[in-house]
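For clarity, chains are labelled A, B, C, D and E in written order, and residue numbers in each chain start from 1.
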Amino acid sequence: MPSFRFKDHKTQQLSQSVGEVLSRNYSESEFFEFAPYDPTAGERGGYSNYSYWGSTLRSFAQNKVAMFFLILMVGILAFTVVEPMLPYAPEANTIYKGATNLAPCKEYWFGTNSIGQDLWSQIWSGVRTSLLIGLAVACVEAVLGVIMGVLWGYVRKLDFLFTEIYNIFDNVPQTLVVIIISYILRPGVSTMIFAMCLTSWLQTARLVRNQVLIIRDRDYNLASRCLGTATWRIMVKNLLPYLVSILTLRMALAIPAAIGNEVFITYIGLGVPLEIPTLGNLIKAGQTVMMESTLSYQLFFPVIILSIITISFYIVGNSFADAADPKNHVK
Amino acid sequence: MAKYIFKRLLRSLLTLFIIVTIVFSLLRLMPIEGYFQNFEKMSAVQVELGLKELGLDKPLPAQLLDFYSDLLHGDLGVSNKYRRNVPVTKIIAEKVPVSMAIGLTSLGIALAVGLPMGILMARSTRTKHKIGDKLGTAFIVLIQAVPAAVYYLVIQFYGTKYLDLPMQISSGRPVTYILPILSLALGNIAYYAMWLRRYMVDESNKDYVKLARAKGVPASAISRKHVFRNAFVPLVQFIPTSVILTLMGSLYVESLYSIPGMGGLLVNVIQRQDNTVVQGLVLFYAAISILGLLVGDILMAIVDPRITFGKKEGGR
Amino acid sequence: METETILSVRDLDVKFTLRGQVLHAIRGISLDVHRGESLAIVGESGSGKSVFTKTFMGLLDSNGSVTAGEIRYNGQDLAGYTTDQQWRTIRGREIAMVMQDPMTSLNPLKTIGDQIEEAIVLHQGLKGAEAHAQVLKVLEEVGIDQPERRSKQYPHEFSGGMRQRVVIAIAVACRPKILICDEPTTALDVTIQAQILQLIKDLQKKYDLTTIYITHDLGVVANVADRIAVMYAGDIVEIGTCEEVFYDPKHPYTWALLSSLPQLGVKGEELYSIKGTPPNLFLEVKGDAFAPRNPHALKIDFVERPPYFEVSPTHKARTWLLDPRAPKVEPPEHIKHLREQGVNRHV
Amino acid sequence: GGGDEGGSTGGESVYRELYSSEVETLNYLYTSFTNDYRMCANMVDCLVEYDPYGVMKPALAESWEHNEDYTEWTFKIRQGVKWVNAQGEEVADVTANDWVSAAKWVNDAANNSSNQYMYNGIVKNAQEYFNYTAYLLESENGTKTTDADGNPIEPVPEVSFDDVGVKAVDDYTLVYTMASPCTYFPSVLSYTTYMPVYGPFLEEQGEMFGVDNQSVLYNGAYIMSEFEPQNHRTLVKNPTYWDKDNVFIDKLEFRYNASATTLGPESFLRGEVDYAELDASLLSAWQSDPEKQNQLSASRPSVAFSYFFCFNFEPRFDESLDPDNWTLAVNNENFRQSIFHALDRVNALEVVEPNTPENLLNNTITPATFTEAAGLDYTQYPALKAISDGDSFDEATALDYKAKAVEELTAAGASFPIQMYMRYNPATTNWDKECQVIEQQLEGLLGTDYIDVVVEAGPSTNFLSMVRRTGDYGFMKCNWGADYADPQTWTDPFKSQDNSYNFMAQDPNLEIGQKPCTNKSPETQALMEEYYALIDAAKAITNDDEARYTAFAEAEAFLIEHAIVVPFSISSSGYVATRLNVFEAQYAPYGMALQCFKFQKLREEPMGLEEFNSLYDQWLKDRTAAIAAADAE
Amino acid sequence: MSEQRKKLLEVQDLQVTFGTHLHPFHAVKGVSFDIYEGETFGLVGESGSGKTTIGRAIIRINPVSGGQVLYRGERISGRISRELDRKVTRQIQMIFQDPMASLNERAKVDYIVSEGLYGRHIGEAERQEKVAKALADVGLLPEFASRFPHEFSGGQRQRIGIARSLIMDPDFIIADEPISALDVSIRAQVLNLMSQLQKERGLTYLFIAHDLSVVRFICDRIAVIHKGRLVELAESEELFAHPLHPYTRALLSAIPLPDPIAEKKKKLLVYDPSIHHYDQETPLWQEISPGHFLLASEREAAEWQREPSR
């Protein structure tokens, strides 16, 4: 029979109290004496080795695919940070005269583009920018989404108002907003982030709201109200922790979504200017030459890197959300 | 029920009103150059006259009033820059059927493929190695995680380069529709398969399934007669929305294969600053998406006897 | 008593694997079920009652399996069944089940009639109008008025008690030999609970069923059970006829179960209660699982698992207290003279 | 559908092309979009047309003459030309009245034609009539005296259309009266607003004139038989065309494809289309592939547009880019000269034309071969000759000027490096890349301690009004397109009022935005004044082209020599794959000539680059001869 | 009972309505009763009869649509002053039916138990001390403070819930079916604890249950509720000895007896509401004998009193 491994001090305590009795060597007659009865030992009996984050991490670690992608993701993240500091890492936009449209070779690992820029540096610079956009959007989305969503779901009076606002904003085309913003602000990374954040938090807010609606009237919330707990504390202590799972999921999905969105906005010609490489820009540039088989690497390298990134975020996010759901925890 | 629908429609009207007003006002933030073809060479008088013709010289509230009074007469106005002097309704009416035909075909295919796929995946979760489920999940992850713009390109690249399929549609040649329909269908296949699988797995842990098993109902009949229907209920709600999305067309796919549909129309007219068309389109989109939600709810009520309209769920 | 064994369980072990950890849910149970009897399995939550009976129908969750022992039914070893096909010869047809929660055990999207008909078509070989007529008959049998109208309604239009009747109707419609009622009344009000128990009793008589009740409440089974098996931590700790268990309980756990019934409580006095919590089945259980909570535990209880001590041919208990070497321990006062007391107390 | 078959089927010659932008309207009297021109120019003929060398030829006008002082032009209209509808049914005869109807429509302010300005200052009283109709509109037929904002509306003296200088003397005699003497008037006539329109039909259609192929009438080489917006359009040969023997392609099929730039080349290779433009990035791949090599061709450099870099004298950009510092620099001629000479234009042009960037180079504002007088190309006139034949790029000179500029600017208190703020429109293909190349080249040559080129994108739509017109740039590539065959057309960007190219001429008291225009140093101011004096003098010469050209050349040379602008290039649509021979087509660097398919034949084989180059050289030679011959006539 | 006993809580003609104006659902229809200081007042009835709703109306989770609730003579239903609100929040506490659902799974026991103290500006040391004491009071080990609710059995969780109320030092506790979700074997733990606390602290309970046998064990007076209306109220022994209302009788007859012989002899009574003719005769909430209230029409009251009980 597989034996249970004791994992921390609490369990050890338990094993000691049992072991104490066992370790003594009784004689045959002693066996039939009453054992010392300790009610507190009985209280301890139902103990399970549980801590929320511990279980979350443990179930995550058991998911091999997710761990693989986590490592990949961390690797990529680390590399994008480190890449510009590497020796001989050139400025991404440097033009090498005469080195136009070179296929991948020793000197230019991912080849060069039509004006002689090194795609390797361009792609990593693009990954940096795109990830920055993704992360920023995801953070804003999470923060705004949670605040709005919790208010929306918890404060009954706001429900009607927020629902209407949601319906309205959901129907104002994002393109219109992006275009108008590109008039008001200069096209650039921060503008892009701003434009995306403007609408993206709505979905998170709605998700949070639906979740809050489900848990709002659970007994433990009523209990808190009976105890006179302030509303903000209920939100922070009773609601937020229950949103961890869906929030991590949302955040992790928001990053690939934002990168995809960046590609889209670039596609319609409103993206970040070309002198700032982003994955969207690189894909757009690659698209113009994709039908030319000798040049299609200019599309495929950014596409592959982008896919690896979005897939890792997607899988890691999903698996983490699964792991964060106590339903999937071993008690 | 009729009363409920009526009330909801009435409320939607208010929402529509606000949406259109916001869009209307946002549009007026654009620089006036965009309203003219040849601003560079126009005199001040010409510009002024042009603005007057477009009704842009009046203060915003007056413009709004004009717009709504026209709207009440069923007049959405005519295009200024997209197709000059052509009524907005005509522009939209010409494009909707195109997008819809392709969209509905792909949706049909997506349902025909996605739903069985979801069922097979759900069943596979009960087998030892869950191979079917893993394969299906890999597909879903790929489609959902990789931006559509990217896999559309890949499909076009391989489809035209290696399968030698045409790069643009031409009516009367069905092969030309393969790639765009495939591109459009993939997303929905993944979507429906994923949700159906999830709901089926959730449902098959419910007590009534256990009871059915205890009754001796064969596994296949359980998943067909009991689980599928229950799992399908929440999906029913999405179908009208999916249908409606086909009305909006797909910017990418339509532009990649030069499909003369709705996709990209909005982007196009926003970029050309064709206010009337933008307004008309936003109104159209908002109206149908609100309608889609309503139809989704009604469908839900039809397939699920527990849901009744009008009454708030009383107690249990 | 001349009894024929319909189902015989020997040394049954059931284990679950949950993310790499093994939970030993059933720890070597042996039990004979007699034809026509009604057996009650009593025990607190998590003691393994449901898991135990699910093994008879192959309804264990996919992460669990029978790891040892056998289940003999009709000369077959059910423990060796693996395929859906094999189990379908048992499920419903031979052994049927009534589940705990009437609110969720019916398919919300199918009419009551359809759900009963499904069972009838499967097991009685009837079709169409005949099957429908049978549906109405069954509904009437379980005490539902206006069966014609009711059969066309959906579960949500039924109250909890009526749903439970429908669930029973479905089980009975399969014409099984054995009916397992897994906590059929815990979700119901007392008044309805009594009615449902009565209904099962009537049906049992009518169809000559063998019934196995599962409950955590000893009080509930006094009326319906012929024999009672008390379970604790995946093991049967005491088994005997109804009278034996109520009037002459031997296991301290049975004492505790009985004493904690408020019906037996004396106002103003403490109710007898069991301290502590049941053991963690992920851990290997040494000795008597109940020992840490047992005020009468002997030292040997922590070392060696007690065997069954036979009190009478029908009455066995797993406790070292029955060992001749053990000191004599009296059951708590108020359950000792339950017979006299009970009759008087309850008007 | 377009099928895979080759260009000609069953003797019918069909030309196929992808397009990515739909026409806005077929109302040629209104539009000013090249997309629209491309259709209209083939549907309706003008009074004149051109031969492949740019020599004007009679078209709907059989002949014309002018009076002594070029104030009256009389045209004899060709007889027997028919108006037909989209089904090819004859509707009416083309008569002189049709040009009168067109003029009336165009100059009526209510119609708000985008090209009305083509009459302004050319045809007598056209602008006056326009102003009067505008007044009527604004005042609602004189009933109102203030506009919506409460500003008074200035009354405008009544002008009747009868006073406008366009008259049909009889059905086949058309007379235009000029506002002032105009030698180049015939070159204006191939613009859309001088196309005829059948009056009764125009009236009948009203607002709907030109919304689709059914709502226009045709008298040109082709009839648009099918028109499905964003899908396809088909032009078929007009069977009643007066010159049908010169129309060789029977059918023009245009299919919509939003990704035409990406898919066009591949479609061409697959034989699905007969023409595709190639992005410069594809060039090397095509050139090195033996299959594609001989399908690669170029487009003829076009002198219809000229590109030049403008220095902004009224910077209105962000404080973070230090506009005051820029103001100091830009007013320093040595600084401007250092940039002028440091800019390696050929290097920059390689982005769009990697093979023969020199072909695109333009050393003056007015492109070479644009116009000539007295047998001499305008750019070869004495003042411009040296400039035209040289190249401004010269590292040593640039560094000399840099040294001087550093000295002077340091004295003036400027801080280094000078931030040079360059903008581009992300929607324009390759502009971004070009900016990057220039940035690295300039910084490389002049040193980053001297200048810091800051490249930034502008909005992709309404770029001009958001960037150029607001002065939100320091140094930027601008362009201008010719309106008629006279050097004056190229002075428009540098006009003294409402100048939004480099703000060189703002009255110091005038306000743009919040800031008064006080940026120009006295030296700069003096330069500008001198320039305008030269221009005014040139404009005053109206009857002697040679003298006039000499004077304009002096003015233009002045602008360039003082490095107020940096001439850059003419336009090119780069590389193409085509089954057409562009050298057969009509040619003129203005008007509609370049859009016409008339005279062109569809070739069996695509044109290769070698053939193109030899044909181009031949064409350049033949052209000189042809023009000389025409002049001699 | 002596009339001198102080009324702690008075419920007067309480009505609670759910749903919209168009589809109102009257969950509680005109219920009146008093609870005296120090007693345990039982409220029994079938599922959905409105027990929880009454409890929640008292503690002000459910808004009251008619009638009023007085606590120590002060009205606490409807809008009340902040001060009174704070006082009532402190003095009235609730114990919930489902020990799992009523504890915040993501908070440690330490926080859960001391949650009510956070509004009171109490030092950290004092807080911990109070937590330890509250835990000890309900028989839990102090080390449990740092654990999560998952780690406990149902009985332990319910005791945590009780500790959470106790820390507020309340006078009045509404216990909404505190044991019905628990295993029989641990019900006793909770019941014992409740009586013990009452003895030590003089608490007053409103004890809600659907099982008469439990109520009988712990309550002084019992009210029986059916479909939102009280049908009978009496001292518990009186109610068991002389149940008048047929519904009460049905309830009593259904109590399972842990005694096979008695149980097999037991006769079930079924309550059939159609015996009433309330469209013809209006029922009254009347005091049949001192302290014994009954909802009945004149005729019914007479008739039922004549019948021998059971």
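Going forward, a contact is a pair of C-beta atoms (placed from the backbone, for glycine too) under 8 Å apart; a residue touches a chain by one contact, two chains touch by 3 or more.
Please read these numbers as outputs of a predicted model, since none were measured by experiment.
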For chain B and chain E, which third chains touch each of them? A, C
Trace the shortest sequence of touching chains from chain A to chain C and report its length in steps. 1
Innermost chain, where centres are averages of C-alpha coordinates: B
Going by the touch criterion at the top, tell me which pair is linked by more C-beta contacts: B-C or C-E. C-E
Taking the mean of the C-alpha atoms as each chain's centre, how many Å separate chain A from chain E? 46
So the centre of each chain is just the mean of its C-alpha atoms; given that, what is the distance between chain B and chain D in Å? 42
Inter-chain centre distance, chain C versus chain D - centres from mean C-alpha coordinates, in Å: 93
What's the distance between the Cα centroids of chain A and chain D, rounded to whole Å? 52
Two or more other chains touching the same residue: where does that happen in chain A? 43-44, 46-48, 179, 183, 269, 287, 290-291
Sites on chain E at which at least two other chains make contact: 152-153, 156
Taking each residue of chain D in turn, which ones touch at least two of the other chains? 259, 263, 266, 460-462, 466
What does chain A use to touch chain E in their complex? 40, 43-44, 46-48, 50-52, 218-220, 222-230, 233, 237-238, 241-242, 244, 326, 331
What residues on chain C touch chain A, complex-wise? 18-22, 24, 275-280, 282-284, 286, 291-304, 320, 323, 325-327
Can you list the chain C residues touching chain B in their complex? 57, 59, 62, 84, 87-88, 90-93, 96-97, 99-101, 103-110, 118-119, 122-123, 154, 156, 167, 170-171, 174
Going by the contact rule at the top, pick out the chain C residues touching chain E in the complex. 44-45, 160, 188-195, 198, 216-220, 222-223, 225, 242-243, 246, 256-265, 267-268, 270-275, 277-278, 338-339, 342-343, 346-347
What residues of chain B sit close enough to touch chain A in their complex? 14-15, 18-19, 22-23, 26-27, 29-31, 141-142, 144-150, 153-154, 157, 160-161, 251-252, 264, 266-267, 270-271, 278, 282, 285-286, 289-290
